[in-house]
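I'd like to ask you about the structure that follows.
Note that the chains are named A, B, C and D in the order they appear, and that numbering of residues resets to 1 at the start of each chain.
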Amino acid sequence: MNTLAQFKTIKTLLFDVDGVLTNSHLLILENGALLRQMNTRDGYAIKKAMQEGFEVFIITGGKSEGVLKRLEGLGIPRSNIYAGVQQKIEVWKELQEHFQWNPKEVLYMGDDFPDYEIMQQVGMPCCPSDAIHEIKALCQYISPIKGGEGCARDVIEKVLKLNDKWGDM
Amino acid sequence: MNTLAQFKTIKTLLFDVDGVLTNSHLLILENGALLRQMNTRDGYAIKKAMQEGFEVFIITGGKSEGVLKRLEGLGIPRSNIYAGVQQKIEVWKELQEHFQWNPKEVLYMGDDFPDYEIMQQVGMPCCPSDAIHEIKALCQYISPIKGGEGCARDVIEKVLKLNDKWGDM
Amino acid sequence: MNTLAQFKTIKTLLFDVDGVLTNSHLLILENGALLRQMNTRDGYAIKKAMQEGFEVFIITGGKSEGVLKRLEGLGIPRSNIYAGVQQKIEVWKELQEHFQWNPKEVLYMGDDFPDYEIMQQVGMPCCPSDAIHEIKALCQYISPIKGGEGCARDVIEKVLKLNDKWGDM
Amino acid sequence: MNTLAQFKTIKTLLFDVDGVLTNSHLLILENGALLRQMNTRDGYAIKKAMQEGFEVFIITGGKSEGVLKRLEGLGIPRSNIYAGVQQKIEVWKELQEHFQWNPKEVLYMGDDFPDYEIMQQVGMPCCPSDAIHEIKALCQYISPIKGGEGCARDVIEKVLKLNDKWGDM
């Protein structure tokens, strides 16, 4: 099956946060609070995907309150957001058993070490252009776009267009 | 009519906000508040255009209070700012009917999906260098500058210079 | 006199702020407050220049309280900071008359329209790499560095090194 | 001894902050507060290095409370953080005498003037790609990555991989 056919098959989209929906920059306030940087284009695409009936899940080692509020603000149900996760592979097993996902229909976008095992399980592992090389080596698709710069939109747009659901523009 | 002649004809300037007057970055505070990034060069040019008698309007799907304050701070009348717009084409119809604009005299700068229909109506559709390719395909002018990096100044400077109103420098 | 000889002659350093000591990015908070971006390398160099006996002045159209506090924090006397200036050429006339500066000993770094006239007066007009082209056209030296990325350090380092005052590294 | 062999020998990692763990950008709030930018990838690597038994020290001329909180948040003991340091070489002498470090086993990553002397003492002086050229000239290794963009991770990853401690991925 070629890459386009694989994108067309996707029904469920899983995203890591740090380095995927954010870039790797942290702004440090004097009180120690941290600001993260996300992208409006990813936000638009995530909303669009959910409107068109795709399932979106977040699996992240982080637990930034601001990021979680932003993700909920986009309409991702709180129950679809797994934050502060130590072992992502355990979340995968739990979800896969519960929803009986066909791995071929699941896309995961990650960029770093903690994403490695789960990306071996899904049918469509994807990463941003600045993922670590070990992650790149196992991906079906490497986006030309960096983390936090719209890489999630890139894959969502592909899935929706191939299903004639991106819009009639 | 060539591109320079078209720029010279412009009397009214319409701008989208996200991806045009801002880049697509969102900084996320821990309380969920969002910071957007704009550009001092666009601000200077927008003020200059209004001083020289050009009309400036904002038509945006967003409704960030901070951005609206910044735009009002530049001197754009509140009545010229359309925020939280769902269908930009409806705002166009309303404004065009009210002001009896000649489309040839109107420039619109947009970058994404929701700008598509309105950009088919104005005489001079323009976009930043990082607009989506569907938008680029219908533009009379693609700025070499990205959204939030001074792309609005780029088109304003062209319009004013061709009308001998950019300054006597 | 060649460029290096000109740098060696400088005793007084004048800087614009927006686009020189800052880049052109503005971060917009929801309450309308604006954040500007400066550079630690410029800060180090400005302090060093003053320690070594060079005079540093700021002449800016802006009046951001945060930027003024940062500049005072670097040790620039409040009396050397001219903020909210409408006509920079008037400040030049006043200062030049008061201090009887030899224009050949004065460097000014600016990037945009409002800097044009004053840069015609000083002996050593300089600009960052992303200055507007009209400013570039009248500069003795165009730094390879952008505004807010260390362009002030670039010129200060040249002046001090040619006077054997940059350090014995 | 070649560069890889040198990396393998390292037991202790010393880092400057400004320009190494941060980039040189400063965001200025209206009240004069400063925000600095760090990188999540450096954070991950620093934690990993300490878990694997390497010693991490911070030696910085700065004294940003926010940065110190972030570094402590990564698990670096407060007693390993030297902030507000005027003469880094003095801290080196004190630490080296106290711990009886073999300089060959110590890596220091710095980028600027105040790092010069200490970098002449350690066995493995390293710098980010945007260090000043005098620093680059004395480094055993110049990272291809800029300060604040993950240059610390780059060297930590090399040290740990050569010691088979980066993970079994």
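Please note the rule applied: contacts are C-beta pairs under 8 Å (C-beta built on N, C-alpha and C of every residue); 3 or more make two chains touch, one makes a residue touch a chain.
Source: prediction; values computed, not measured.
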item: Copy pair chain B, chain C: interface residue numbering same or different (half cut); value: different
item: Farthest chain relative to chain B (centres taken as mean CA coordinates); value: D
item: Centre-to-centre distance between chain B and chain A (centres being mean Cα positions), rounded to whole Å; value: 31
item: For chain A paired with chain C, centre-to-centre distance based on mean C-alpha positions, whole Å; value: 44
item: Multi-chain contact residues (two or more partners), chain C; value: 22, 27, 33-35
item: Topology of the chain contact graph, where touching chains are joined (line, ring, star, complete, other); value: ring
item: Touching pairs - complete list by chain label; value: A-B, A-D, B-C, C-D
item: In the complex with chain C, residue positions of chain B that touch it; value: 22, 27, 33-41, 43-44, 64-67, 69-70, 73, 148-150, 167, 169
item: Residue numbers on chain B that touch chain A, as the complex places them; value: 18-19, 22, 24-35, 112-113, 116, 134
